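See the structures that follow.
Look at the two complexes coming up: chain A is in both, with chain B in one and chain C in the other.
Here is the complex of A and B:
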């Protein structure tokens, strides 16, 4: 048993104190995580200088994979306050630790924001806001590389004859060229229409706004909660609950636009109206899976005493399971609409990730269905599994690993030719972002109680039962 | 129901015991009573409370409900129905290209597989629940007791049916008396009540 009360004052008289023992391995784990992060950063910095384009994509993948998780934890904390949930009090602090790691993301974003020229082709288009001033011809040349991109992607699928052939029975070559040029102009037109949103100044302004909101809300909620450990004041709970509704709305908006800005805009001709929900679903299901794993690990270590029971794991399992189905529903819906309408501009996204570049992306696409959805679905289906730990941990671990794979699948097909070509920089960047983020999280774990001991609903949460 | 509405009570000679009913005024009493009845090894008995009581499942020694398995089987059946219906119709019976999709393209009918899975599962859940609860049934001897009406208000009950192999009018009554009930009542009927399971 490694709990100790050396670190706290006398305020917790008669109650168990959930603290990380300062002499235990966990207490110095943040240094290990930080060290791994710095080691990764050395590699990433090398990549930044020597292979900047590749670095940009690797870093975006790592950044987005960890950020969606961290935002998932913010969502969890917000929803607990929004609903005034009592059951989750004993696991809420764990989520708050992972939420508190959001403060390092403005720092982690610097390499990303310095690499936008490699990632977003539209960044280099200057004067986009004043479209009228430039003649149409110039736009064509400026946007040429984007349009080429779109045209290189799918000719029509085999079951569907190419458009000119269909219209002109064999068709003249001249007409096909004419048509291609017309499409070319049309694509340029579409892109031009988007440049009011997709331009350098507005992009950076939005990024600053996202980080400002995320840092402010996570710092505030974390402070309200940890302060309550000592003061035991009800008003901290009330304040957090008052913040929750507006913050939840802002969370939805910032996450949606951040997903659009940082990953959907990699392919500016393509769009999906449910992209923000997709990023949300992916982040939240991975968060619930990770929260389950962390809670299982902490209970196993004995640090949590009896505060987290089978009832809590049952609920975490239900939420993981529910959001897994939500993720599958959203992901499939996005694919389904694109696949069914069969319009080349929309198909590019899945075309890149399916037949174009050989087997690997296709295998990952299938794995997202079978490994990320079907297997955990079957594992987590039973009530007994959710209440017993080994299978629950296996199901949750699969989801977390597949989340990282999925984010790789989201970002990487946009790099260069889009071929599947893993690079050591992918790992270096993942270690950088993941390591530094975890260092903040683990550091906070050693500095605060592992359970919100000042929350008035703690007693109820400890004895909570599923009906 | 007033007492004048019990014509059978005028022919006590032909009546047979069907049920022993014990009434409790607190949840902890009824939970402890349930534990005692469970430990005594009864199988045809039940508790009746106005609201769910935490811990009652284990106090009664109830195993997991079989409803989950019924729903699972029905769900798989629904999925199989959706898949085979689509594949048979679209690939073999009347292959037709719609919107450039080859016949038998699986994603096209995913909403159908999904809906049929849900529909069959829901039927399984509702009708399976009715079956496991042996419903619908028109009446139960327990409703002979006026006292029992408080089961949906402020009283808690344990009932042991006479068809239980362990049932013995005297010893079962003694068992119930030992659990601090506020009342114990014997319910009788003209014909012997047969347990249906």
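Here is the complex of A and C:
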């Protein structure tokens, strides 16, 4: 504890105003972010018209990458209320700003929801949930993507090279076609069984439900917290704490099914019970890394005074480190169980991301392990690093960047032939979603105090030590 | 220091009852080991010891006859043996979670229960380790479990999860034991210093490793403790994940599902907390430790059970949903068969005990009622046993070929083996309670107001009286109702 604090009686409250100076560059940063977003949107709109299929995938990638982060921040705020945490009060507002950006996602989702036909071929099966089977012709057109699957999918274990060779290379062409059609029909039948869940009406209903919940909870928690800045009422904390348990459960369910709907269903025949947990782990580790970076930036700017100390960075570093291991654990377990059991219908997911198409995806798959996990793991292991900021920032930055790469890796192998082919639309969409989201976040930052000055546990957070 | 005071409006409060001081803590905990054992202890001990006898006889007969004496059959090649193994390993998890994970998360309320839970971990893992040793029925080749070549020079299959199990559980046991013993050092020293007899003094003296309570000792001790906590934390995840691999790496519908590792871990913590709760409630009442183990602690444990119980419920739901979503008829069949087939009774026991029961803890009143939490903790233990049984038996008993379908019924030897492990567990546990400090004396003292270097018993606000940084009250944050 610093001498200054001791002499001042330990209270910073009421004497310092943690606000963005309206004349500073930061105060107008939201306009810059919004401008970048709009610029990206122009490019994306061009793509929407001219290269709709590609746009759909690029946009989904950008949307999902930013959404998982924003939901990570929602989780952070929820868990602080759920546990009644004291240490984190001084950084909680920063997370709340990023959480508050969730309100723009219903708007950002519009281009996505208009492009579902390009993303999810099962969308065209209307009325199938009533059990009437669609005409065979329609089946065929709607399920063309399955042929693509069948080409890319059959895993070729080195021990049995004969099987795929016979299927695609050797044997007569007629035989190969016959086989393909048989497989196709089988896949169509499996898919048909899923249409009770994977259908247009239910998909949109669910999407509306997710957004309704996310907007409601983020607006409510943000309001309770910012209101308290002025009123200093304990009730707001009590209310937030009461809301947290049920909200956490709903958070878990909405995140799980959103991940299933928007990314797992890109490959409608593939399934993994772990998928919701995987999306959660990815979002949360990236969130902690980004929160660390933002807190570092704000501390450097001097706007935070002494409110964020080495102790807080130590804790943020520990949480980033811990959730990085959790992410690695979940990701590895999912991969490992699929790889070990070696069942064709499950392998497709990793097959797309490993040996096919010249191995570009394989490089990214390996990078997810070495760059997203091993390097930050080694960097963040040390206590000194977590308390001293340069290396901490590097470790956190790697994780944030790799989060975006990972979401690219999740979405893009499903596009067209699945080849690794970056497109300018990817960047345009990322700028659109990221820019507009940040505009909301930064706008809120200029309008409210940067730390929750009315929180009853604020002083405890200011003086907290990693004992 | 006002900001370190609990805020009652937010549900915070001190972690020990008013009037508890260093002396009270030392006395309360140490006297259990110093006085003559109460009659109740002897009764329990003799019952437990008799069960050990039952166990020994059962195992002797098992080794004589082979595992045909159990209910295992074709297609149920695994039955109660592996169920018990997984269950016991799971019980152990609470100890590691409380001692390592909660330590790292600075949850100081753990001090009231950690010693207890750690001891339970070790004894539970001992019980668990028996089963892989005996379930092959050939004790003379037990070394097959180890990475040693057999008489033909053949090594065990390193790709087999059963071998990883040995590494995982073995590591877990070793680290848990070290963690427990390191934590015990200052408390053994306390017992040594209070000893009146020569033998007692020598034994505790050896166990205390020459502890003098010097600054240097404390510094090394705390560093070692933190390192061991750091090492134990990944073990909480790894052990039960590897156990789940025993099932999930197979291609058996109902076993092969990617959520198994975290789902098993959540279930393990869940059952472990339930077991800690059951034992703690008894010990707390018998040895009158209400001021150390307060309602606050019990309530927090109930909340953890509610969380982990709900996580387990999430996993059940995801499995069911994905079985349907997979479109695979075998996956679907296994789950429909679980809920409606011959083992439906076991499945619904599992659901009611594990998912529905803990939901009672949403109510603050029920969460704070000792009878309710006692009953619920036992039901959870039963439910978690059934969870493992359901996974193992329902997935095996109806395989791909209907002509080979079967049913697992336990024999008296299955039951005796299982009861026998209870005997081992309780024998060890009762010995622990009798001879070692069952609450971490030094750690509980650390959260007392007196532990604050600026503690002023007379309340005068002199130069030091109002210095900040005082952790006079360790706070217990508490979630919403």
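Heads up, the rule we're going with is that the second predicted complex is superposed on the first by the 405 of 467 C-alpha atoms of A that agree within 3 Å, B and C clash if a C-alpha of one lies under 4 Å from a C-alpha of the other, contacts with A are read in each partner's own complex, and residues count from 1 in each chain.
Going forward, contacts are C-beta pairs under 8 Å (C-beta built on N, C-alpha and C of every residue); 3 or more make two chains touch, one makes a residue touch a chain.
Remember, predicted model here, so these are calculated numbers, not experimental data.
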- After the match on chain A, would you call chain B and chain C a fit or a clash? clash
- Message: According to the stated criteria, A:204 is in contact with first (chain B), second (chain C), both, or neither; which is it?
- Response: neither
- Kindly classify A:276 by the partners it touches after superposition: chain B alone (first), chain C alone (second), both, or neither? second
- Is it chain B or chain C that touches the larger share of residues in chain A? C
- Task: Could you look at A:369 and tell me whether it touches chain B, chain C, both or neither (first, second, both, neither)?
- Result: neither
- Item | Which superposed partner A:85 touches (first chain B, second chain C, both, neither) | second
- Query: So, does A:340 touch the first partner chain B, the second partner chain C, both, or neither?
  - Reply: both
- Query: Which holds for A:382: it touches chain B only (first), chain C only (second), both, or neither?
  - Reply: first
- Task: Considering only touches as defined above, state whether A:465 meets chain B (first), chain C (second), both or neither.
- Result: both
- Query: After fitting the two complexes on their shared chain A, where does chain B collide with chain C, if the options are 134-142, 170-178 or 188-196?
  - Reply: 134-142
- Task: Could you list which residues of chain A make contact with chain B in one structure and with chain C in the other?
- Result: 340, 342, 465, 467
- Query: Where on chain A does chain B make contact in their complex?
  - Reply: 156-157, 159-160, 332, 335-336, 339-340, 342, 381-384, 465, 467
- Query: Which chain B residues qualify as touching chain A in the complex?
  - Reply: 52, 54-55, 64, 68, 72, 97, 99-102, 107-108, 110
- Query: Which residues of chain A touch chain C in the complex?
  - Reply: 1, 5-6, 9-10, 81-87, 190-191, 193-194, 197, 234, 237-238, 240-245, 249, 252-253, 256, 260, 269, 271-277, 318, 325-326, 329-330, 333-334, 337-338, 340-343, 345, 456-457, 459-460, 463, 465-467
- Item | List of chain C residues in touch with chain A within their complex | 2-4, 7, 9-12, 104, 106, 234, 237, 241, 245, 248-251, 256-262, 310, 314-315, 318-319, 322, 325-328, 362, 467-469, 471, 475, 477-481
